[in-house]
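Same chain, two partners: subunit A is paired with subunit B first, then with subunit C.
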Partner chain A sequence: MDQAVINGLAEGSVYALLALGLVFINRITEIATFAHGEVSALAAFVGFTVFHSLHAPFAVALIVSIMAGAVIGFLVERIVIRPVQTSGPLATVVVTLGLFFVIHGLVKLIWGPDVRPYPSIFGEGTIRFGETAIAAQHLGVLATAFVIAMGLAAYLRWTRTGLALRAIPQNRFGAALIGLNLRRLTSTAWIVGSAVGAVAGVLIAPLTFLQPNMMQSPIIKAFAVAALGGMNSLVGAFVGGLVLGVIENVTVLYIPTYLKDTIAFLFILIVLLLQPEGLFGKQRKEKV
Partner chain B sequence: MFNIRFVRQLIAAFVGVTLVVASVQQAHAQGVTDKLVKIGAYNALTGPIPVTGKQMSAGWNAAISAANDGGGVNGRKLELIIEDDGYEPSRAMAAARKLVERDQVLVMTGLGTPTTVVAARYLEQAKVPLLFPMGASSTQLNQAGLKQLFMAHPAYLTQADIIVGWMIDNAASKKPCLIYQVDPSGEDHFAGAKKAVAARKMELAAAETFERGTSDFSAQVLKMKNAGCDFVYTATPLETSARVVTAADRISFKPKYAGFTTQADATLIKLLGPLAEGFYAADMMPRPDGDDPAIKTYLANMKKYSPDVDPTFFTAYAYSAMQLVIEAIKEAGPQPTREKIIAALEKWNPKQSPMMGPVVFTPNDHDGKRSLYMIQVKGGMWSKASDWIVSK
Partner chain C sequence: MNRTLIPWIVLAVAIALPFIAGDYWLYLLALAGAYGVVSVGLNLLTGLSGQISLGHAGFFAIGAYVSTIAQLKYNVPFPLALVLAITVGWLIGLGVGFPAVRLRGLYLAIATMAFGISVERGLYHFKAITGGPYGLTVNPPQVMDFAFNTPSRMYFLVLAIVVVTVLFVANVIKRRPGRMLIAMRDSELAASSLGVNVPRLKVMAFAFSASLASLGGALYAPIINFISVEHFTLWLSITFVSMIVVGGLGSIAGSFLGAAFVVVLPELLRGFGGHHQLVYGVAMILVFVFWPTGLIGLLQKSFDWAASLLLRKGPPAAISEAKRP
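Right, the complex of A and B next:
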């Protein structure tokens, strides 16, 4: 049981890390981007090329990956999202879904379908707590997800840009009226969210191996975690990821393991039926 | 205005031309012209196993190109048409239908168990031979009694029976376990593993499952660790085996491992590094580093015709399977038809494949390959661990 809980925290931290960028972008722009996982994978591939083909130190590759994520986020917002932003939620959903396939195809075209080992910034070791063990990589992902969740929450709460970013979803018209540059702020949200996605890509690749399909399973769980945590809550994404990881890993001790995903989504369904705004989401009330 | 005589001449000419065209069409079977024989393949170039798909295409193409450069088959060149199915059964069905109905191929081959299970049933109805696909559920297909399907890759049930049995007898496994995908191939592996332990009056200590596309295996390996497994049969795709081993290593679970033929590949060592040491797998072809002349020719042809793909188990299987397809077409004579090809194949008792060894088909048994040998990773390379083992 103890090891199952540790496994759950480890797996949940992967969901949480990927969900953080997703939730950050959604919180500011109200767009849930289906392309987030592919942006993360693309950034990880860029880092791989810098590390392997250009023989740069891994720290340099990591920085280049994060910068690549930021640039991709900027380009996505500027070229793809901005023209359809006022066309309603369905248009943006379709556009991000289309972007998913475009980036996925691009990665396959450039790097091919091969599966490759990916270096780990935290090393290959295992850390033991009595009878239980956790990989250094998983512990690193957990710590990184925690630091990013807290850092982004602090950024939104205590900086001028953060305050401006928070104003956008509350009242776009009002925010524009008081002189906030909505375009620049929306662009900032995509840049920061995609850079966080790049960190997720680089840290998840050693666990899944580097391949074009590496994010297809984790991104579904990241969406689920985002919904569980409350779609707009960074702390919710972090805690939601850990809760989901533990629930599914402990439950499958007693049932066939292929039902793991079924259990995960059953749990989310029950939570959302009881609390539609998620564990940490704020209920929106509209006067009619 | 036309006169009656002219109209009669016109009708006579039309009927004549129609008869000539019809007779020419009857002279050649579908997929065969004076200069060309068409072969179709469904393949997973996208989806969860694109690496395998790419390697299969490379092996098939190398064999086809080598045959064409050698003059073709009975004066005809060979053309291979590959359709991507994304490893999706429904798309494999559509790919097979397109290749048969639109491209008019003579025979078919392909990759993937779930895809082959579906495509084989369509091809049986269409009476199109499906020759030596990589992977198929012998349980499902044998129950269906398919006459068009010929298998050269050892059935998964046979493989699991041989491998699990060998590990109990030779690697001192007292608590054998397996992990398998919930699909027809997985059910075959499970049935074969159960057969092996039952023959030795034992039981499987654990049999863990997963859905296709799963990327985290921590729950499965924890349950196998808790069950005390001392050997895990990884009845999974190659990349998945690597994930299982790394997930087990993270919780300090270090059983012996053995995989089936698709894992007898350098990619596994590349992905696992030192963790691959000691890993067993079954193989059905000579090792690529040996002195076998057939292997040397194969490696030279891979370098010449598919230089962008490194030789692997899948390229070797695809290459040698396509050599057998070409041999079957050749033996069907100067005017090959699907019926003649099946008649030729059912006389292969045995047929010596340059790379696979003996392949045996009879009118009542199309499961042509029942022997394997074991290999093991030692010092970062695969080494032979047993002689040929024949399924009883």
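Right, the complex of A and C next:
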């Protein structure tokens, strides 16, 4: 049971990071990108290549991954998203789904469908806390996720750009009116969000192995968790991710493994039915 | 040239095809027909009423399994199995459609995605009935003593069902329900103030679309002879969306063009090593950014251009553009 909770927290922190990136982008741009998971997978692959082919130290590979995520985020926004930015939910859903296919196809084209082991950042050891032994891997993932989340919070709280980024979801029109450069900030949101996604990719790769499909299940859950927070709550996304991870890993003790995802989805369906804008979301009112 | 002639010409070509094309192409076309039925249903939902579903692979799977299991285990005759598949799809569509009343845009996409994946896992869980990953072998459908056991027979069966579906959907679109759907897509508030029962209409549209997806699934199973869990993943749901986008949103002919695109493209790209998903993705993005009317729009434009060349009436007028909603 303890072990399940710890595994759940580790897995959940990956969902949390992915959801964090999604929500971060969605708050500023009102676009939820289905390609988010593939972006982070691509970033992880780039880092892996640097590590494996150029024999760079792991820390360098990690930084390369994060930078790759940022660059991909920037390019995606500039090339694909900007033309459909204001075309409504159908356009953005379809275009980001198209991107999902494109990036997935690219990864398969470049790296092939093979499953590769990905070295753990935190080694293979275990750390003892009294009775329970915790894999350093899991603890590391959890700690990294926390550091990133705190960093993001600090960025939003104490920097000038952060202030601007907080102003936009409150009142887009007003933000533009007082001279905030919405285009630049949109670009920033994509860069930061995708870089956070890249961290998630690097963190999950040792757990699921490096393969083109590795992000499929996590990104769906990240979406679900983000939707619970109304796609707008950063805290909701993070806490929701951790909670979902724990719920999954505890229920798996009692039901077959492959039904794990279904439990999560049933939970989400029920929440969406009761609270269509998410648990932490604000009710939307329509003007006539 | 009279535009009303075009459907008849297409139908004549479709009937003549089996005498020209090889078995493999007939198989592909039958497959495109089955996907096209799903695509028409999805297009009604997305193109006309503006709702996004990422769970149509779920309804597709339900149709395929219901009709196959009914025939295999309970000896239900094929036509009845089709009706059963449509009915079950419709009922489940009603059930899943209720969230559609409350959810919009992205949230509906997520909820339906959750449904699709749950169906996939469900098929895996009940492997005693569905065969799970080992799948089920599907016998050729049989009506009385006539078995549709060759590609050309299967092709004609699919063609017949496609024609019936197209006539039905065309009527639905042309009459009241279609006009109500378009009114609702453009403004829910305005539509409801004009007396459209928006929640009811949404659920009905969803259920109708789901039943067409089930019908498509029930056709798909005998075409490929074998169904297993792996056929009905989230990828398929997204592929359905790419069909309607590439083919042309809100257009019946476009739905079939999109389905044909998705079926034929992997064949053309075989030397390229099966990276067709990459191409679907690029096509989806390109279409949405540069050519929102899709393949059907492209076809119409080139048709107008050719007609104007033939009749020497100067450049094509923008009539076809203006007529489109």
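Descriptive notes on the structure:
Just so we're on the same page, the second predicted complex is superposed on the first by the 259 of 288 C-alpha atoms of A that agree within 3 Å, B and C clash if a C-alpha of one lies under 4 Å from a C-alpha of the other, contacts with A are read in each partner's own complex, and residues count from 1 in each chain.
One rule holds for everything that comes next: a contact is a pair of C-beta atoms (placed from the backbone, for glycine too) under 8 Å apart; a residue touches a chain by one contact, two chains touch by 3 or more.
Given the structure is predicted, the values throughout are model-derived calculations rather than measurements.
On the superposed subunit A, the two partners subunit B and subunit C do not both fit; they clash.
By the touch criterion defined above, A:108 lies against subunit B and subunit C together after alignment on the C-alpha atoms of chain A. Of the two partner chains placed by superposition, A:177 touches none, neither subunit B nor subunit C. In the superposed model, A:10 lies in contact with subunit B only, and not with subunit C. With both structures placed on the common chain, the touch criterion links A:218 to subunit B but leaves subunit C unconnected. In the superposition on chain A, contact is made by A:258 with both subunit B and subunit C.
In the superposed model, A:248 makes contact with subunit B only, not with subunit C.
Touched by subunit B in one complex and by subunit C in the other are residues 108, 216, 256, 258, 261 of subunit A.
Note for the complex: subunit A touches subunit C at residues 32, 80, 83-84, 87, 89-91, 93-95, 97-106, 108-109, 216, 220, 223-224, 227, 231, 256, 258-259, 261-262, 265-266, 268-269, 272-273, 276-277, 286, 288. Across the complex, subunit C meets subunit A through its residues 46, 50, 52, 98-99, 102-107, 109-111, 113-115, 117-118, 121-122, 124-125, 189, 234, 238, 241-242, 245, 273, 275, 277-285, 288-289. Contacts from subunit B toward subunit A in the complex involve residues 45-48, 50-51, 53-54, 182, 208-211, 213-216, 218-220, 222-223, 225-226, 239, 242-243, 246, 249-252, 267, 270-271, 273. On the subunit A side of its complex with subunit B, the touching residues are 3-4, 7, 10-11, 14, 108, 112-117, 126, 128, 132-135, 138, 207-209, 211-214, 216-218, 248-249, 252-253, 256-258, 260-261.
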